[in-house]
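What follows is chain A paired twice: with chain B in the first complex and chain C in the second.
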Partner chain A sequence: MKTVSGTNRYALKESRIGLLLAVPALIVFSLVVLYPFVNSIIMSFTDRSLLRRGFSWVGIQNYVKIFSDPNFPQVLKNTAVFVLLGTLLPFFGGLIWAILLNQSFRSSGILRGITLVCWIIPSTAIGFIWMWIFHGHYGILNHIFITLGISSQNIVWLGRPDTALYSVVAAKTWQTLPFAMAFILGALQAVNLETIESARIDGAGNLRVFWYVVLPEIQNVLTMLILLMVIGSIQHFDLLWVMTEGGPARATTTLSIEVYNKAFLSFRLGEAASVGTIWTGILMVFGYFYLRRKTD
Partner chain B sequence: MKIAKVVSLMLCIMLTALPLFSQAAEEKPQEIVFAGWAGEEANSRPIIDEMIDTWNAKDTGYTAKWVGWPWDKTFEQLIIRTEGGEALDVLQVGFSWALAMDEMDGVLELSDVFDKQWLEENFEESALSAGMIDGELKALPWTLASIGTLYNPTILEAAGVTKIPQTTAEFESALAKIKAYDPSLIAYGFCTKGTTLTADFLPWLWTFGGAVFDEAGNVTIDSAEAVKALTWLKSLADKGYIQMDMDRFDLRTIYARKQVAFYHDAIMAEGIAATNGVPENELASTIQPMLLPVLKAGDAPQSSLWGHLLQISRNTADKQQAADFIKHIVGEEMSLKYFAKTGMLPVIKKAMANPMVQNDEWSSKWVEITKYGKMSELNAYAQADELTKIIAEELQAALISSKTPAVAMKDAKTRIEGAIR
Partner chain C sequence: MFDSRPIGFKIFFIVFFVILAIFVFFPLYWMFNTSLKQAADIFDYRFIPRNITLGNFVDVVTNTKVPLFMKNSLIVAGSSCILATFISAYAGYSFSKFKYRGRRLLMLLFLSAQLFPYAILLLTIYQIINFAGLRDSYLSLVLAYITFTLPIGTLTLKNYFDQIPNSIIESGKIDGAGTLRIMHSLIFPISLPGLAVIAIYSFIWAWNDVLYSLTLITSSEKRTLAPGLILTYFGEFQSSWNSMMTAAILVSIPVAVIFILSQKMFIQGLTSGAVKG
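So, the complex of A and B:
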């Protein structure tokens, strides 16, 4: 029989092994995540450029430059519109689709599988597919609109400031709707059927059942999902870049595109890092709510 | 006990893996890495492969290898990889990149690796000047020409355009006839997307008497002439002759489908049209080069000088081998093969004098355009790509009526001044 002190010694050894096993992961985390993150914040206070060696400290000059740039409010506005619509449309689309697929009907399984295909296709490929759909000269959408008499001439969807951002949002909705659907469908299938049956016996219709029985049960999942989708939308780059490159005339330039332009077109790493730091700050707000919700 | 087991296991893994790494390091072959975009394009890929294969067939002790990206990604890749210390040797660069590569201290001075006599025997002084930076040879020309204007003779004839337009007024009249003939055609394939927009704009800016910079280096892109040039282009867009959201890649594809009457491209346009599906026997009736229309008769037609340069990366392990590889690819045999497959004009004297080049009808027409070739003013700045992007964004803003041409050009001036400060 072990003594109390003997048990403690054993526990200490176990914790040391745990620490030892975690060390490689901590080293990798520090090298791959922590170091670039801290380095990027430090870099945002320098005039570092890829076009020359060495750098000087410039204090908050990069931040002053960004906030005094007359184009930056438009970048923030574009980001806000893209995040708002790029989250809400696939979210509600996914919710409706999940409710439909949750009904046991023939071929619902096949439909689930087909829906997930949109999510599996790489972003770049989706960008090209939708770029061709929206193309102002040979795009199929224009062909459909003209055939149906909705429009008399081709619309240059991606070349007009009033339609370009919404066109990219449409592509993003198509891409991320399955993600929302899969999440919500999983939650729906965990809802207690007996409670639903009881509500129906008490005379509740579909809407009342959803509102008073189903929604409270899946509320936590929905909140987590929205936070994840907001974070994903703020980070989004691929579709915007492939479809419009931030144009026309910066009409679709979001924070992610701005960082890319500053880093790899202007090669001004200091300025890119300061936009990236602002971007990360915004992301951290949503990350905080996500982690708090997860802990709850 | 458990700690001892874990540590022993880790040691075993390390000891097993160590010889594998050291063996890999010992057996790594010596390589010449040729980096650029030519090997990524369908019409030039076979000849790039041949250049590498013929080099590898020689007993040099170095194996050549191609590393490439699409054209619009090449510059950033070269900069990032050079900065990251990646082993690149010979770099294919555009005119506007050479200075930036030099300013970042990413390339070698070539007079040290090519002897003076070889350079003088093989290159015209004017050709070598394309690679001179601050009096030092930092790049060798691989191919030099101009960005020209192409037209589809069949469409023009069908639309009743009997004469190749020589002035802007004639050009506009031709565009009106083409649009009236078939509204679904793109009368003028002016690039309206991405940074190629600036490349298409500059010759028109010069045509109207404007310039991005004056001789003292002051930004003059907001001059009355520049505003006039943009106002004219916007009027073409408003009339539906120019279509938004078109880049060079789109236009090349649509041109090959005979849906574009005029567009701008480099000398290999004919080869690209063939690659994109225009049958050999229809090339002459589908694509022909012409001089850019002038403002009034007697003015000099404008064109933007274009070409590819070769540089040697500072990361090269053997600069002499890299230089020898350059000699191999710009040499007479390879230059002529490159010309035959892609239409790229050679720069080496013997290749230029070859009857294959001299008697080529397409090239002769292009030489006429190149006579008026002018180096983009933006190339004098290491931030040429950033300036190109600024101008493109402001032009787009004017073309889509977000800004008036005067405001767009004024904003372009402010932003350019900020970028080069």
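So, the complex of A and C:
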């Protein structure tokens, strides 16, 4: 009996030490993640502003206002376009690039290395590079297009509502493609080469090998990657802000830009929080699938 | 992996190789190209610049505040990286090697935290920072950046520590070492690749951040890279594209060097997670 209670006391002490180790993380987590999250949602039911102290409860008034705002459908549409293209383009680009660079040929290793470096260039710098490429008067893209006869005059890519969003998507694709490539390359290198060999002996060509052997093996990684990229582009702020600040005429205003504008340019925290809450709701739909895969 | 002999594959390979290589590498090249040009030549589209100069690099380092912004970012990214790595390591170890009530719930909470929009967290973080009188301080950014790394850091390190056999801990206990001692002198040294991944990840994230640094820092002396560059090049040095491209290269160098040096560790840390010996 004595030994049993001895181990119990020991176990209790052990678990207490375990909890203590997590305490710094829990304090910081509560302070900078959990409390802000809950508080911001609560704030969406108030008229809190950055310009004055105090606030009053306004119920769902902020939400009513947002949904009757004629500009809001455009924000949703911009976000949808940005997320859809900003996921699919880097995904397929990264997939093909990974397949090409996985074929070992001279310098494939170096090309992989340089591609990865693009990924860690700060967003501000990436924004600068693409603003220069898309420059309305002296940009190299206009120069190439005019030289090749694709267009007859300069296009102010980032200054036109019909081209601005797609231009930022191009920069976003450039930023994310290396990440997709690295992810997929890892999966490709784990594919069992013997299965491929035996399929080939059975007369399967490249397409069949890809479709029936490679794809089933990397399918899970691809799904995870797509979820991560969707979540990432719904969250994306940097390039949209650096390159166009949500303009021209709100053509590149997505949910993240909208929250920022409402809070820090119009100072209406309550309204910003309601947009944020709607945004969180959308994110959670994808988040659910992500969490389900992660916890499996 | 694929048979490169069929003509179909050759066409596929060449077409996409050309498209993707241009897309991926040309912007990089154009950045270098422009940074080596004199102001008078930047509207010259020659593939190899006419008068190559390193003058832009001298100019950005001596005449702009970019070095100051880099120093500020180094302070903030460095501190948040050290802090986040240690806190995540303790919590990850706790989640991995101890059983207590609420542990699974906490882990799920950490996991879902990756899904909270950063902008919505910022609304309240901004108020907390104001309330605590920390606005326009490095500390405000250090604290805010932990939101990026802590959840994913803790869970990654938990998985990493899961791979470490309990026998190592038991042997430490037999030698009379306490939990802290076991962590610091037994577990952390053999987990260096895992710890490095989290440290690098949090450093790069802090170095690259736009949203938080734009909001929480207000004085020009304390500005970090992103707001510093934006205000410099959309203000005083507007349209100095050669200078902008030079600054873009300069601010990328630190993270690129860290990344290249640690690539092996990074990949090892992410994939294997196993401990040898």
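Assume the second predicted complex is superposed on the first by the 283 of 296 C-alpha atoms of A that agree within 3 Å, B and C clash if a C-alpha of one lies under 4 Å from a C-alpha of the other, contacts with A are read in each partner's own complex, and residues count from 1 in each chain.
One rule holds in what follows: contacts are C-beta pairs under 8 Å (C-beta built on N, C-alpha and C of every residue); 3 or more make two chains touch, one makes a residue touch a chain.
Here the structure is a predicted model, which means the values were calculated and not measured.
Undergrad: Just chain B (first), just chain C (second), both, or neither: which does A:51 touch?
TA: First partner only, chain B.
Undergrad: What's your read, chain B or chain C touching more residues of chain A?
TA: Ranking chain B and chain C by residues of chain A touched puts C first.
Undergrad: For A:250, is the partner it touches chain B (first), chain C (second), both, or none of the two (neither)?
TA: It touches chain B, and chain C stays clear.
Undergrad: Who does A:21 touch here: chain B (first), chain C (second), both, or neither?
TA: Both partners, chain B and chain C.
Undergrad: Using the superposition on chain A described above, determine whether A:287 touches chain B (first), chain C (second), both, or neither.
TA: second
Undergrad: For A:267, select first, second, both or neither according to whether it touches chain B, chain C, the two together, or no partner.
TA: first
Undergrad: Touching A:143 in the superposition: chain B (first), chain C (second), both, neither?
TA: second
Undergrad: Considering only the touch criterion stated at the top, classify A:13 as touching first (chain B), second (chain C), both, or neither.
TA: first
Undergrad: Thinking of the overlay built on chain A, is A:159 touched by chain B (first), by chain C (second), by both, or by neither?
TA: First partner only.
Undergrad: Is A:115 in contact with chain B, with chain C, with both, or with neither (first, second, both, neither)?
TA: second
Undergrad: Show me the chain A residues, by the header's touch rule, that chain B contacts in one structure and chain C contacts in the other.
TA: 16-17, 20-21, 135, 138, 264
Undergrad: Which of the residues in chain A end up touching chain C in this complex?
TA: Where chain A meets chain C, its residues are 14-22, 24-26, 28-29, 31-37, 39-41, 43, 93, 96-97, 99-100, 102-103, 111, 113-118, 120-126, 128-130, 132-133, 135, 138, 140, 143, 174, 177-178, 186, 188, 191, 193, 196, 200, 205-206, 209-210, 214, 231, 234-235, 237-238, 241-242, 255-256, 259-260, 263-264, 269, 272-273, 276-277, 279-280, 283-284, 287, 290-291, 294-295.
Undergrad: Which residues of chain B touch chain A in the complex?
TA: Touch list, chain B to chain A: 2-3, 6, 76, 79-80, 83, 100, 103-105, 183, 186, 192-194, 243-246, 250, 254, 259, 382-383, 385-386, 389, 393-394, 396-397, 399-400, 402-403, 419.
Undergrad: Inside the complex, what are the residues of chain C that reach chain A?
TA: That would be residues 1-4, 6, 8-9, 13, 16-17, 20-21, 23-25, 27-28, 30-31, 34, 42-43, 45, 87-88, 90-91, 93-95, 97-100, 106, 108-128, 143-144, 146-147, 150-151, 154, 179, 204, 207-208, 210-211, 214-215, 225-226, 229-230, 233, 241, 244-245, 247-249, 251-252, 255-256, 259-260, 263, 267, 271 of chain C.
Undergrad: In their shared complex, at which residues does chain A touch chain B?
TA: Residue positions touching the partner: 13, 16-17, 20-21, 50-53, 135-138, 153, 156-161, 245, 247-251, 261, 264-267.
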